[in-house]
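One chain, chain A, appears in both complexes that follow, with chain B as partner in the first and chain C in the second.
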Partner chain A sequence: MSDEEKGDANNEYLAQIYQRKECILWGSIYATNLIDLENRLAGICDPGCTPFHEHEMSFSLKTTQTPDVTLRLRRKFHTETTSSNQWRFRYVGRPEPDPNCPVVVRKVIDSVAHSQNMMEFVKTLGLRLDYEYMAKGKVWTCGAIKIVVSSLKRTKQPGKYEVENLEKMSDSYLIELSVTINDSVDYHPIAKQLKAFSSQLSPLVELQKVEYWVK
Partner chain B sequence: MGVSWVLELFDTSTVTIETKLIVAGAELVGGYTVDSTPYKPSEQGISHFYLLHHSQFPQSAFSIAHQDTYKCSPRASHDRGFDLILHKLNVGLQADTAGKFEVAGNELKLQDFRIRIGLATQNTIAKGVIVEVEYSPSSVVTQAMPVLTEFIEHFFPDSVESKPEVLKKTAPEPYSALETLYQYSLLFSVMRKRAN
Partner chain C sequence: MAAPSGSTVGSNSDGPGTSYDRGVPLNLASYHEWEISEIGYDGTEKFKIPHGYQEHIGALARKIDWMSLIGEEARHDNLVIHNEKEKGTETAAVDAIEETKKKSDERTPPEAGPWHVVAKHLHASLQELTVLLDDLAILRTTDYLKPMRVADRLQDANMANEVTAMVQNSKAFQWSSKRKALNEAANVFETAIKTRNNQLGSDDASRRNKDRFFSELRRMRELWRVRKNGESIIGDLGYKIFGIKSDPRGVFHITRRSADQMKASGKGEEELNVLQVSVPGDLMRQSTLTVSIVKDDGSITSVFPEKADSEYAYMEMDKAACDGMPWEKSLKRAQETLICKDIFNILFQEAVQLRRRLAVVKEGVIMVSLYDDYLLRFELKFHPFTMDSIPTEGDPFLTRFLREYHLAMECSRPVRPQMLIDLPLTHLPEALDYRGPLAYSAQDIEARSAKAKGLLNRMTKVSGHYVLVKRTIAVLKSHQLHYGDPTLRWRCIRCSPLHSLFLCELNNRNYEHIAGKLSFYVQVDAESVEVQTKEGTEISCRRDEHELRQALHLMSATHEMISVSQIAKQISYQVLHANMNAMDENGVPCPTLYLVNNVSTRTVYIKFPLGEVPQTYVRNFIADERMATEEEKKFTSLNFSRMPGRSLCKKFDTLFSLLKN
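Showing the complex of A and B:
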């Protein structure tokens, strides 16, 4: 077996572990109505929720060939010390072109990384920052379904993350409903389940398949 | 995990070193492998860097872009999902399989030390003998160095002067596996440039 074949076999093995399919829907709710949604979620989801406050940076590998490859990096956000060296890399693939599927289905690869100089490291990879935001919110689960409710903030000055430099992006909270499944599994039954679950949050939130790739 | 000193030995073979250590009371524990793949940029603005794996850390991958010193070298440790993510970046970064280095050999245990003795190859061409001596009880370089130096002095006296940069610490900082892989990658760079 040549080195190239060995490399491909190795990548296939790793893909079984790390490459997943994500079924996802989005919606939003005014901050004033958030409490109603939280009560609804507390009633139908698994007991308890997990609060989080994270900093997401979206990078692209810009080359002369198109399209750009986008990677998202996330870490825990603290306004006091922004020095968490633990990051999560996420590659999000192009959505499946399936007009009959009620949700967005896309390939994702997650990887946890640790670096004392992550910004220099991503520069080494040729990645350039497109945008960044801070997300603060809560995560609920209902079996395999993950419900993320968060408010987004951006910094007025890139690189400065003190409280006075942060501003809200909107008066609404972003709602994300997602399930990740094994890449080889048929996603249609899961997509239907996710759509059915989303109808339980209606009329508080109307979750939609946002076709963000259509310009 | 302890502190490791990775060195290259000349004019010897893996069997000779293993015999020497077994005579001193070492036991064979098993095999081990280390590999390093260079990634070459295909566009400007992207740097040359190495992705390394060590069989002692099977679910981890280590990336290092060499600069003058370890401290200023962009580096990161990841889970193996990163191997797949790198594959997605192949429009800008391509694995140079011809430049891939592999070390395969045996691991021995001698009291508190783990010694890994392997043959480094680049595309099946033997490039040299690499020995990794790990002092297991401590993961603080300043604590481990006196006894690690004594071990190297005893078994590999010619190498004691060439102490790796990552082991020349004065503050009691914790040691990480990335520093072991950095030592390997520096040795591979020297071997790569050397004619056989």
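Showing the complex of A and C:
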């Protein structure tokens, strides 16, 4: 195998790691009923859940000729450890136009970077902030299925993230059910499996395919 | 607006509550109002007069489809034709009418059925409740009715009989009245409870059966996954806790044992469970998965022995015996079979992919070469599905370890969320979450990622280590038994399934203060045994018991030499040489010691052959070897057993004292 072929094989391997397909469903539940959902999840999911508190920022590169390029950055919120300098970059592609698929399927590219002055780097790239929010909640797993239950908060004044500046977006919790698969794998069986799993959370949460790209 | 049909009766302009108001204030008003048809220009309202009864009947009659009732051929509009046609049949029709009249006279009231009493009571209750609800609604929304308590105080001051008023207002009267009212209410409740108990007691056996069913079902839910699917109740023998939990292979149906079945079984009610389970046919057997280590002596029968016909008895499924078995035991046995089959399947898959080792699979037996002539043997055996317990076979430690390791694999999380939960789930260890920020290379990531070792791979290592540990302990015990001087003491300071470390100490009784003690380690891993001295010398014994014995002898000889030299120094002897690396004529290690007494008159030469008593040689000191004769150069050999003293140190202590001057 020549060096060029080796390089191609390596790139393909890396693409398999970072370029993935995400099958996802969304739903919401009132905070007052959250305990019921948590009990249900504890019954059907893998033992134990992981709490998280993260800060997500969405940036866009606005150009006049081409559509905007949106990049989502995320890091751990309000932690003084070094892990708060770990940033996740995510590019989310357009969903697959498949009306028969019961879930949203879209390409995602994830990457992790470390920087103490990430905002300067982002500004230098020419990216501008669209919106930001803080997500706090728990994540469960059931095999390959990931269940994220989070409440969203926003800041009243951009750039100030003290507790008194944060306000809830709503009284509801956002529920996300997702499975990440390799780009080359057929997503239909996984999508069916995900939909079947979502029916187990009924009637507490009705998870639906949100066609957010339809205007 | 006043209602046209409404009127006020007994109204008083001064209102209720005045002293001369003796009547009941009653206001009657129509619930419905007439519909206004039009309002004139002068403001007069004209109402639609509602239909009378006759008009109402007429309107309803017009809605009836008469044609469909009397049929299409009937001719009611032309009575002449109709009469002609009907003339012949007139007589018959009159007879039929008469018969019908007779029948109607003879008609008996229909049978009310067994529920007519219940229906009557229910209807009466409904009426009572409706009345009560109406009263309550009027009480709540209007002033027409006022509730009064039991024996309420009379407020009217103008009562005719003041004595009666006084009595009624007294506390004693109030209390007794209330008690009476409460007693009446309690009697109603007691009657109701009594009636209810009588009804329940009428079908006591079925009720008890039903209660037992639910209590047993509740108990089953504590131990097994049970769910209702439509009209049937099903359970699951699956034991996985990660991923999709339900296992379609282990689904069993739960039913209630009928009273007839319980009677037919011939057992008492308390002995037999109400719940009856039907486990899948392929799990209706008892299973054992045993692990053992066998030595390959070259004959196939020792490795794969012939099976007797009785070992295939499990294939005859006795459904009746299974139904009669308590569900606690039958489910446990069926799940045991499921687990054993799962483990055997995993072992089989790994045996097929095994590298650098030979694996043979034949009819429920997997043989894997361990090392030398030893083979690791896994055997899946089935037994009939009965209440009898199965005798345990194979090595208990290895069999238990196989289950334990499988359980550990089932309890370990296969995937986990990464440090930021939006990232995909990963099977990599947490240390690799920072592989990007810390710029790990592909090789680093590969090296640090924990790979699944596999059940069979781990079992071969553990079994190899287990055999070597047993062998090492046997050698140490044997050495302890046969060689008491110097004394060997050992203990296990680290013991894990794959690595063990023994600390050994050699010391001389009563001479510890002079000679001290010699410590060394024996390390055992999966494939070899190694003796490690404190100085860092490593003596590899591989898997050979003889080599391990020799290493122990060497350490013992070294300690003897050190001890003897220390004793000699105490008595002011000079050590001319002490060679720990000396060898005898066969190339076997044999430490030597050469001493001279303080006044330089005698020399002592001692050899410490491995596993034997020291050989001692003595001669006069020769200042110049060249001037000495052959006779003078000759050493005198001393018989060790005849040297005075009971221990090695004592013997040499005595010898050195004798030869001091």
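Heads up, the rule we're going with is that the second predicted complex is superposed on the first by the 196 of 215 C-alpha atoms of A that agree within 3 Å, B and C clash if a C-alpha of one lies under 4 Å from a C-alpha of the other, contacts with A are read in each partner's own complex, and residues count from 1 in each chain.
By our rule, contacts are C-beta pairs under 8 Å (C-beta built on N, C-alpha and C of every residue); 3 or more make two chains touch, one makes a residue touch a chain.
No experiment lies behind these values; they were computed from the predicted model shown.
**Student:** Quick one: classify A:Glu54 as touching chain B (first), chain C (second), both or neither.
**Tutor:** Touch partner of A:Glu54: chain C, not chain B.
**Student:** Just chain B (first), just chain C (second), both, or neither: which does A:Asp110 touch?
**Tutor:** both
**Student:** If you stack the two complexes on chain A, which partner ends up touching A:Thr32: first (chain B), second (chain C), both, or neither?
**Tutor:** neither
**Student:** Looking at the overlay, what does A:Ala144 touch: chain B (first), chain C (second), both, or neither?
**Tutor:** Second partner only, chain C.
**Student:** Just checking: does A:Arg74 make contact with chain B only, chain C only, both, or neither of them? Give me first, second, both or neither.
**Tutor:** second
**Student:** A:Ser184 in the overlay: touching chain B, chain C, both, or neither? Say first, second, both or neither.
**Tutor:** Neither chain B nor chain C is touched by A:Ser184.
**Student:** Thinking of the overlay built on chain A, is A:Phe121 touched by chain B (first), by chain C (second), by both, or by neither?
**Tutor:** first
**Student:** In the overlay, answer first, second, both or neither for which of chain B and chain C A:Asp46 touches.
**Tutor:** In the superposition, A:Asp46 touches chain C alone.
**Student:** Starting from the residues of chain A touching chain B, keep only those that also touch chain C in the other complex, and list them.
**Tutor:** In chain A, positions 110-114 sit in both the chain B and chain C interfaces.
**Student:** Mind pulling up the chain A residues that touch chain C in the complex?
**Tutor:** Answer in residue numbers: 20, 44, 46-48, 50, 52, 54, 56, 74-76, 83, 85-86, 88, 90, 110-114, 139, 141-144, 146, 148, 180.
**Student:** Flag every residue of chain C that touches chain A in the complex, lowest number first.
**Tutor:** Counting only chain C, the residues touching chain A are 241-245, 413-417, 419-425, 433-434, 436-438.
**Student:** Touching residues of chain A toward chain B in the complex: what are they?
**Tutor:** Residues of chain A touching chain B: 3-4, 7, 10-11, 14-15, 17-19, 61, 63-65, 69, 71, 89, 91, 109-118, 120-121, 123-126.
**Student:** Looking at the complex, which residues from chain B come into contact with chain A?
**Tutor:** Where chain B meets chain A, its residues are 41-43, 45-47, 49, 63, 65, 74-85, 87-89, 91-93, 95, 97, 100, 123.
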